[in-house]
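The structure under discussion is supplied below as structure tokens; questions concerning it will follow.
Chain nomenclature is as follows: A, B and C, assigned in order of appearance, with residue numbering initiated at 1 for each chain independently.
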Amino acid sequence: MLMRTINRTEEAVICILLVAITLLVFADVVMRFGFNAGFMWSQELTLHMSAWFVLFGTSYGLKAGSHIGMDAFVKLFSFNNRRIMSGIGAILALVYCYLVLYGSWVYLAKMKKIGLTMEDLPIPVWLANGMLFVGFVFLTIRLFILLFAIITGKTDGFKHADEAKESMALAQEIMEEKRS
Amino acid sequence: DPIVIKFSHVVAENTPKGKMATKFKDLVAERLGGKVQVEVYPNSQLFGDNKEIEAMLLGDVQLVAPALSKFERYTKQLQIYDLPFLFKDMAAVEKFQQSDKGQALLSSMESKGLVGLGYLHNGLKQLSCASAIKVPADASGLKFRIMTSDVLAAQFEAVKAVPLKKPFSEVFTLLQTRAIDGQENTYSNIYSKKFFEIQPYITESNHGVLDYMLVSSTEFWMGMPEDIRKEVKKALDEATAYGNQIADSQDLEDRQKIVESKRTEIITLSEAERNQWIEAMKPVWLQFEKEIGKDLIDAAYQANI
Amino acid sequence: MTTVALFTLLFGCMMLGIPIAFALGLSSLATILMFSNDSLASITLKLFEALSEHYTLLAIPFFILSSAFLSTGGVAKRIIRFALSMVGHIHGGIGMASVMACMIFAAVSGSSPATVAAIGSIVIVGMVKAGYPESLAAGLIGNAGTLGILIPPSIVMLVYSAATEVSASRMFMAGFVPGIMMGLMLMLVLYVVARYKKIPCQPWAGLSEIFSSGFSALGGLMLIIIVLGSIYGGIASPTEAAAVSAIYAFGVAIYGYRDMGPLKSIPWRKNGEGVVAMLARNLGQMVVTLPRIIVDKEINKVVLDASKVSIMLLFIIANAMLFAHVLTTERIPHHIAEMIVQWGLSPWMFLVVVNILLLIAGNFMEPSAILLIMAPILFPISMKLGIDPIHLGIIMVVNMEIGMLTPPVGLNLFVISGVTKNSMGWAIKSCMPWLMVLLTFLVIITYIPWISLCLPEFLDKMQGY
């Protein structure tokens, strides 16, 4: 139940961000063409929301198995060897997360210390760019879960097996709704 | 190991700023050969102009030269250079920049860890537009693309025009299809960014200045051994003087090239027309007097005399 | 040493099956950590810049969202039915129509992946429905989609003209003839392939089917007109037009055709209803059901699916920019280009070397980054050798097109893999044979400057410049 709530919240945030970006750009066009006006802040907000969208959504993408990779080589090996290779891969991906987390911490701390705000919005830079850190924390958690699944033999790679099940569940829900 | 100075800028190598950077690199190589090494990264190869200052604060870029409007986030005082019709020509700009008050502005961002090392000219701004503009009333209701700056926004609002912000890659098409009516820029930018090809009119308004400030991080600059720092500063000053000389002649050359292209018409203003513009835009000074400081504005205005 | 480490890490990670984005990011960060004085902080700053300072990249999620609404809602089905009725009886007809669609969308969008994102899923499904193997369809569209940067408007051309002295509008004009020529070449090859592979033709459906399917597809076909019209009518920029198309696609799927969403199976006109009553009822229902859109499961799924693909693509692109940033800070492309410049080649040989250099760079870097580094170095040499700057520009653009399709960093490959939900390896295999057409085209473009220069020179003469 808790996992389900977390999932739904995550999905909702991602969808809301994409819809908000689209509406904001559309509003820009309407304002300029229809009302001969414009917002100075809309470009900066749009661009930052798109960065939040990607950074926040990347860990979800790992869960949903939507990140693409080259699996041709790994496929040549047996299930257990694939697990070893993917395990190393997951650890390397964790190293990547660690490096980004470390770098972004230094960067954000520097911005906070200087007290820099964004160009058009009165928001501190460290807060606006903080999604860099948050997104990679989520990604780290997801990678640990994946690594655990690989170790316990539940999966052998980055494409999560649960994904198929889950989209089935969603399809079923839609079917049920249709019936009612 | 030599001290490496990464000089990052966002324009092409054949612009005044680009040539200044190359000159600086050559001078340093000649005089401080084994001790200091300058690497120039033009065309936003390293970072774009929104992020290059942040990268410098992190210590991975040592020298940048953004447009003065870009410093709004670091100090409100530098907004003075965006005030419309404050300087009548580049000589006045140069005079103010070299004055005590102008030089003091170089250290206005010390609390943010930035140290100004000098001013680099580009030139005076003109208005390019899809329709002919002679008097302020002609600009009323038209849409102009500007850089982020409260002063520049207020300047266009003062003549009832609509200031808009859009990235360069979009601006070109928007100007071409007349979704945006015009923009303000120096002759050399209008030429190098090809705006003259798609904007049928350029009003020679000389209404504002577009200059750059050479900036380093205090941490890096003060961290250099004093004798080396002095030599580097000397090379930088010489390169800047050289760059400014080029900027002045390039302004005229690019204006001439634009005229010869026959793709656009340059509209010059009579004294009376120009006064109308000044009258319409001057209230902007009052609006920003508090943030900038009245004495500073007065001092800048004195440079015209 | 640095170069070796960078590439070893990249390929090593990819062999282990790590998602490409992570492989690019890890190899970049680790290389910086081990060999460079740069801090990790400024590299993560670069990562954030790659995600937050590229407005034109937003066209990708917008077009993906728009095509998700069209293909899930049954709008695409109607368009496919119409296309089948028009050209289904011709050998390779649907494929040719798909290339045509790519050419039209190339005139709308300034980037290649955005072009594929806009119509890829729809036309690939259409071709599969008409009996084409999916890989053939995907390969064709992956290639035709590269036209996005050759047919104006083009972001890559803007970058080229900003980095050199070349006129942007002349570059745009110069792209027209080569763009159409490449489209025709793809159609021609497809015709031969369709004949050879004996891809079935549909029987001629008759005029009445054309009219009825055309009428039913009108709402979907209007999208092209709205997007084209909003750009060339001076309403929106190419990126903004992509957002407009997403909003339109939503409107037409949910309120126009009502294949999904809260108004599903509620007819526009009930039996015996007057016109005024009908309009009033529909308008009222649209307003009243607005809140239900937010919780509608089917609509949510469309947005979520579009989000997943967009996030995947944008995250790869950001990490690819990071990778290019490391190459730049280590000045690797600079050194190679400067070395070539010193060889003192003849124009003919110089162009061969330029093509090879750009093709290799195209494997690892994203087009704008390549142009910003290479154009200023190669431009002055080609001027000295008497190569026309416009011609050089078109050569570079065609090379960038090919780079969209070459692994490991090939944006069109990622989009194809994302929208068809197939693996990267599959996408590479599908696009590879068609790449031969592009390479042939590159040779033609390189050694016949007239193709690139005829239109801009003709227009200049007309206007008396």
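Structural remarks
Everything below uses one rule, namely that a contact is a pair of C-beta atoms (placed from the backbone, for glycine too) under 8 Å apart; a residue touches a chain by one contact, two chains touch by 3 or more.
Here the structure is a predicted model, which is why all the values come from computation and not from measurement.
Chain contact topology: the protein chains form a complete graph, every chain touching every other one.
Comparing chain pairs B-C and A-C by the number of C-beta pairs in contact, the larger count belongs to A-C. Centre-to-centre separation of chain A and chain B, using mean CA positions: 38 Å.
Chain B and chain C have Cα centroids separated by 35 Å. Spacing of chain A relative to chain C, judged by their CA centroids, is 23 angstrom. Chain B has residues 50, 54, 58, 166-167, 179 in contact with two or more other chains. Taken residue by residue, chain A touches two or more other chains at 33, 43, 106-107, 110, whereas all remaining positions touch fewer.
Contacts with at least two other chains are made by residues 39, 41-42, 45, 48, 53, 55, 235-236, 239-240 of chain C. Remark: chain A residues 11, 14-15, 17-19, 21-23, 25-26, 28-29, 33, 43, 46-48, 50-51, 53-55, 57-58, 60-62, 64, 66-74, 82, 85-86, 88-89, 92-93, 95-96, 99-100, 102-104, 106-107, 110, 129, 132, 157-158, 170, 173-174, 177 touch chain C in the complex. On chain C, the positions that touch chain A within their shared complex are 13-23, 25-26, 29-30, 33, 39-45, 47-48, 51-55, 57-58, 61-62, 65, 230, 235-236, 239-240, 243-244, 246-247, 297-298, 300-301, 303-304, 306-312, 314-316, 318, 407-408, 414, 417-418, 423-425. Those residues of chain C lying in contact with chain B across their complex are 37-39, 41-42, 45-46, 48-49, 53, 55-56, 110, 153, 155, 158-159, 161-165, 167-169, 231-240, 325, 328-329, 331, 372-373, 376, 464-465.
On chain A, the positions that touch chain B within their shared complex are 32-33, 36-38, 40, 43, 106-107, 110-111, 114-120, 125.
Of all residues in chain B, only 4, 12-14, 39, 41-48, 50-51, 54-55, 58-61, 166-170, 172-174, 176-179, 192-194, 197-198, 261-263 touch chain C in the complex they form.
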